[in-house]
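Chain IDs A, B, C and D follow the sequence of writing; residue 1 opens each chain.
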């Protein structure tokens, strides 16, 4: 490696960091505004035009806050944890192309690298949970470990199915493979698995059990303050952005689909904008889910992961393999995938919700005083036993 | 060498101040104050009746988020503690603890007459006559309970106070 | 069950977790210490008293008309219902006849307050199960109701409007048109809230079959109100011991089946609809007339004691009033529904997950103001 | 300027009217029924406004409550309220009972001396009596014999005195 290359990479990394930090600032503003819209509010209004400077103020304040070290904390683990969460989330972006030819390192094994690095986040969360010497944090850390490890499998499998279609692990090649049609048309089931598992990896609603503000008061981050907490925050939003970007790259045709009638510099610029627009659309979808759904419980989350998503992801791989092996036209894959997706939703509505009947409240009408003794309905114990 | 420097409220010069005396630092402290005042995260901590009005203030109709005020459940990430409700002697120690757990710089708003001086429970055997017996209070919001508008005004007063503090103390702004 | 037994014999110790007094979902300053084995709760121990303000003692030093202010602050979500309970007790002792119009005003306001209270429950319960939007929808409706309250009583929360022998003053002229608008809005709002949460798959998964309590146990623990009705007991003070003028209205009492969290939640949602029904009937039946009986400014009820039950949004709100004939109550005991309902918490939390603890606590809808008094 | 102490004003004791008794049919039937069911015990059946009042000896409370709950004709499954009233020399423990099926109501009263207030606990009869008894112990110092856990509920460990009693200073004010 020459010095020039070194400088090139250093500058690239710096640019990437600045870009990502900026994106996080935008993302927090977008999240607050989007949630506010869902909730009939205005969101930040006072700092800058429509609160555009709000994230900046938040960031500046956080950095200036006192950093507290709880007296019982495991010092080294406690201080290292934010970095252990933050660095992997940053490293991921080394191979993610933002637009055509705009990538720090165009690895042939790009997807493999992403899978390998994204697992590391668990370590940081566990460290934070352990280092804080706080029971809520500990519970949160353990929950995060269980959740992230289990959802890693469907996550990888969904990626794998896409890789099988292109026969490559290089992200640019994958995007190039979607020059005629985006893979969402071929792999709707894969998209569903990927997005669900991705939400779980992020720890976002409805899978935010390790933050669980109403139970665990913030989970592993409960004891962190000031800049260290800000680092966690940064990592979390970078990860959100990563999932959005990966969804766009793998399933929505990246900057390619539908194709643009330009070439040269105009195309490069527009491709970045097009890519970002798609990514933000996916992220808005994630925020929409956050604004709508309640949180799952840990056992339900695990059951959903292991009993539904993992088998489903394997089935997805197998059908993709069969279609590719026998050289069937790809629309058959679309069809099978859609049928499976429909079956999944049916199964969810039948089994994930509740085994008990949905409406169990009856209304008894009266006029004036009741004359008969109160109705004590026998409790159907048998229905509860399971 | 001025002997009074480096003590109490006037900490010693930092390298930054030595290299770029006054002009930049004074402005920067004001800038920091602007940042702080625009992102006051409150500790979600309702004690009694006023908590309901505090929640109303956070909700769609009044929406404190407009000022950048959001709630956090953990004291470690909070800047402002809104003591909303009657402080009971049994609750005194937890409140002190929560205040200690908040990172500097931190502020306290006493919301409602109970937190200010005991309110309708003045001289009850189990009520603390105002939260200022326990922790320093920056802004008192009168009312039983105060209307959401009153709480918003209290928060604006706090914002003004933060700015004023920064201006008066200049380069060594450390709100306490 | 067997797996659990095996797990318990392993050489582990239970982790003690302290929830509260400051915790986002203890609904105030309630503290519960739970021992968990992994994510399962082994034992739970509730602690209260972090809001014990000595109201009962303070009431003994106030005039009857001043006591109402303290009653406002007992159940600070359903203020008017508390005021009504106290005034009914004094009126019963004095054998006072309350003018018809005053009774209608009381019923209308109390039922509105019940809706407001249940709306708060609805929102906070959404927050407990992890959905962040319902609370904003709930508070939107609350804000509308509070707006009407303000035009009638002059205050958003602490009204001090229901007085011994009637109400403070007559309704304003614009009450009826405002009420008509509000009723329409509330009808829509309740349906919207119902759509948003009640039949959500994840919400069902979180609340169905969680924290069940049977009718016998519920009565044994003294659980009342919506929480009791969710267990399948048809018991409502408005029906079984009608106070004020409730026997004049035709309304339904929702009753659950399993006594689980979802039933407790939905009974409340349904109750809001029934309250609207009562308000509509009351608005139609109300006629002009005096709004206060002829009572001396400083009321001196005769010597004696009286116990009055009312149906507050949380259950059976009882007032035990002992009078010695002076202008101040000799002893005033408040039977707070949340206080009794909360006792069942230990029973409800058996074998639950940590995450369920929050959901169960939320479903009994406590207000610490009346628990600790 | 010292004013001479005024002589205590002579005042006629005001005539205090008694609240009229207004038992409904259900109440009259119940008072007869109670006399019949509880004839082994020394009870006094009266009425206050609209409730049947049964005055019993403190040592019988537990047994009578058991009968009141289990006897099918009385059927007091629901303990409405348990309260203590301080009458200076005696403390009166009131058990407000209600039958959900028959919808009749009664009050059980037991008077205990203030110096040594001992009442058997009814927690084995109604589990809901638990906190009511702890509260009575907290505020009035009534000892409910047989209660498994009579620790402070509303007050904290180390609180002096029984604030519910009339002898407790009314507006006791101490700087906290």
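Just so we're on the same page, a contact is a pair of C-beta atoms (placed from the backbone, for glycine too) under 8 Å apart; a residue touches a chain by one contact, two chains touch by 3 or more.
Just so you know, these numbers come straight off a predicted model, no measurement behind them.
Enquirer: What shortest step count links chain A and chain B in the network of chain contacts?
Expert: The least step count works out to 1.
Enquirer: Measuring centre to centre with C-alpha atoms, which chain is farthest from chain B?
Expert: Chain D.
Enquirer: Counting only C-beta pairs in contact, which chains form the busiest pair?
Expert: A-C
Enquirer: Averaged over CA atoms, how far is the centre of chain A from the centre of chain D? Could you give it in whole Å?
Expert: 60
Enquirer: Just give me the whole-number Å value for how far the CA centre of chain A lies from that of chain C.
Expert: 40
Enquirer: Return the distance between the CA-based centres of chain B and chain D, expressed in whole Å.
Expert: Between these chains, centre-to-centre, one finds 46 Å.
Enquirer: Just give me the whole-number Å value for how far the CA centre of chain B lies from that of chain C.
Expert: Here the centre of chain C sits 33 Å away from the centre of chain B.
Enquirer: Among the residues of chain C, which ones contact at least 2 other chains?
Expert: 23-24, 49, 52, 54, 57, 136, 140, 233, 235, 240, 372
Enquirer: Indicate the residues of chain A shared as contacts by at least two other chains.
Expert: As it turns out, chain A has residues touching two or more other chains at 39-41, 213-214, 217, 374.
Enquirer: Going through chain B residue by residue, note those that touch at least 2 other chains and give them in order.
Expert: Only 59-60, 73, 90, 125-126 qualify.
Enquirer: Report the residues of chain B in contact with chain A in the complex, numbered from low to high.
Expert: 31-32, 34-36, 38-39, 59-60, 63, 65-68, 72-74, 76-77, 79, 101, 103-105
Enquirer: In their shared complex, at which residues does chain C touch chain D?
Expert: Contact set of chain C toward chain D: 48-49, 52, 54, 56-57, 60-61, 92-93, 95, 217, 219-223, 233, 235, 240-241, 301-307, 309, 316, 318, 320, 322-325, 330-331, 333, 335, 339-340, 342-343, 372-373.
Enquirer: Report the residues of chain C in contact with chain A in the complex, numbered from low to high.
Expert: That would be residues 15-17, 23-25, 39, 126-133, 136-137, 140, 197, 199-206, 208-209, 212, 214-215, 230-235, 239-240, 242, 247-260, 262-263, 266-267, 270, 274, 353-358 of chain C.
Enquirer: Within the complex, which stretch of chain D touches chain B?
Expert: Chain D reaches chain B through residues 155-156, 163, 168-169, 171-173, 175-176.
Enquirer: Mind listing the chain B positions that touch chain D in their complex?
Expert: Answer in residue numbers: 89-90, 92, 123, 125-126, 128-129, 133-134.
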